[in-house]
Amino acid sequence: MATVELPRPVISVSVQEADFDVARLQASLLSGAAVEGAIATFTGYVRCDNENRQVEALELEHYPGMTEASITAIVNEAAVRWPLLSAAVVHRVGKLAPGDQIVWVGTASTHRESAFSACEFVMDFLKTRAPFWKKEQSGASAHWVAARETDDKRADRWREGDTE
Amino acid sequence: MATVELPRPVISVSVQEADFDVARLQASLLSGAAVEGAIATFTGYVRCDNENRQVEALELEHYPGMTEASITAIVNEAAVRWPLLSAAVVHRVGKLAPGDQIVWVGTASTHRESAFSACEFVMDFLKTRAPFWKKEQSGASAHWVAARETDDKRADRWREGDTE
Amino acid sequence: MLKVLFFARVREQLGCASLDLPCPESGLDLDMLQEQLCREHGDGWRDVLEEDNMVRAVNQVVVAGNCALTDGDEIAFFPPVTGG
Amino acid sequence: MLKVLFFARVREQLGCASLDLPCPESGLDLDMLQEQLCREHGDGWRDVLEEDNMVRAVNQVVVAGNCALTDGDEIAFFPPVTGG
């Protein structure tokens, strides 16, 4: 059996205060050689309510250095599981308002199966492994968002050899 | 137990020759009320090769009327399975070249689980139910693309009550 | 009248995109319509329309088996879809 | 020296974002470091650092159990992550 050498996927990870442009990010996943058949993307937004609390603002803290390293490790793990051509992750930090974009994940592959799976995989592990913490502001009070148990469960799904 | 009435999702379906703008489409899924926490999107592109054949051009034929109706039915079925806030599908027809965008599916929800699942569900059934046909041009020869058995299998997954 | 449509490879193989047929007062079903088309147009049509994976739709809804037809119906024959 | 970092709720509860500690020649592990911090800073710190779901990282990698520390290591204590 001949082994086909896949080129290493082009991976980009950015943690930034600035907003991002989804069209520009999606375009950055394309090589120009028309080898990509599928791009799956995910964008997370600040909602005006969370678990029945009104959210007026969100403060995103992170662990500089470890954040980028952990996201890169997650994307690399996805690239081992699925034949990715490219992937990009942008995560914002600092003060955000309801409606603001928080996170973007995009994955490109020849076919949709791997693009979808890799994109969801990256989000599931970003949620449970990347060192970001959200603090919600509602009026005078502010509190740290608690981790969701369902997030751990979603990440656990991938351990059971579920690569589709 | 109180039943929560979800508003009917805002659904948009377009079959068109013209190219589309992914940023504008994604923005169209947002209500402006900051209730959306998650948008999953999929973009399909014409690849320069398909099953080891060089592709110089692609001609997309469809069944006007039935195409729009079948996609709308698929999106409505997704909206029954997952709490969608909005969804949009654009599919191009006519002559396309390698690198061109063919299809876009976007789904918005409060949380990522339903956005991801609905987006993949819509693509899986669009692939197996919506009456589009691709004809590939390679040099002087042209031939109709054969349906992929794996596409039927992916669509079948959803019949087994797999809503995650 | 019944409107019959053919798409993609089927359209090309039959050399026909659409045709109109009178709907007999005695009634007609999808299988009868297909048989009538094959008889009228010859074995070239039979080879195509009787293919295992031929898809048939009535009024823009795919029909798995046979079904009765009514005056004004739109019937379509096409190969498995390959969009997306 | 060892660099110790605290993030988010932990940082706020301890009133401390980071501190530097000498690394003794006799060696130190993660559990010993934590115990030393609790002893030096009192029960307020112990209540926080001994929480069940406290996450500990050494050189930016999460550590599940205990592990040896080396001069120059960067140790972090933080609550479960909530990004995305």
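Quick notes on this structure:
We just call them A, B, C and D in the order they show up, numbering each chain from 1.
Just so it is clear, a residue touches a chain if its C-beta (ideal position, glycine included) is under 8 Å from a C-beta of that chain, and two chains touch if they have at least 3 such contacts.
Bear in mind the structure is a predicted one, so any value in this text is a computation, not a measurement.
Counted as hops between touching chains, the shortest connection from chain A to chain C is 2.
Listing every chain that touches chain A and chain D alike gives an empty result. Once the centre of each chain is set as its mean CA position, chain A and chain B turn out to be 21 Å apart.
Chain C and chain D, compared by their mean Cα positions, are separated by 73 Å.
Rounded to whole angstrom units, the spacing between the C-alpha centres of chain B and chain D is 48. Centre-to-centre, using mean CA coordinates, chain B is 27 Å away from chain C. Multi-chain contact residues of chain B (touching two or more other chains) are listed as 44, 112, 123.
In chain C, the residues touching two or more other chains are 84.
Two chains count as a pair here when they touch; such pairs are A-B, A-D, B-C. Residues 5, 7-9, 53, 57, 60-62, 76, 78-84 of chain C are the ones touching chain B in the complex.
The touching residues of chain A, when paired with chain D in their complex, are 44, 60-63, 65-66, 69-70, 91, 102-103, 123, 126-135, 144-148. Only residues 21-23, 26, 30, 32-49, 98-99, 110, 112-113, 115-116, 119-120, 123, 150, 154, 157, 164 of chain B touch chain A when the two sit together in their complex.
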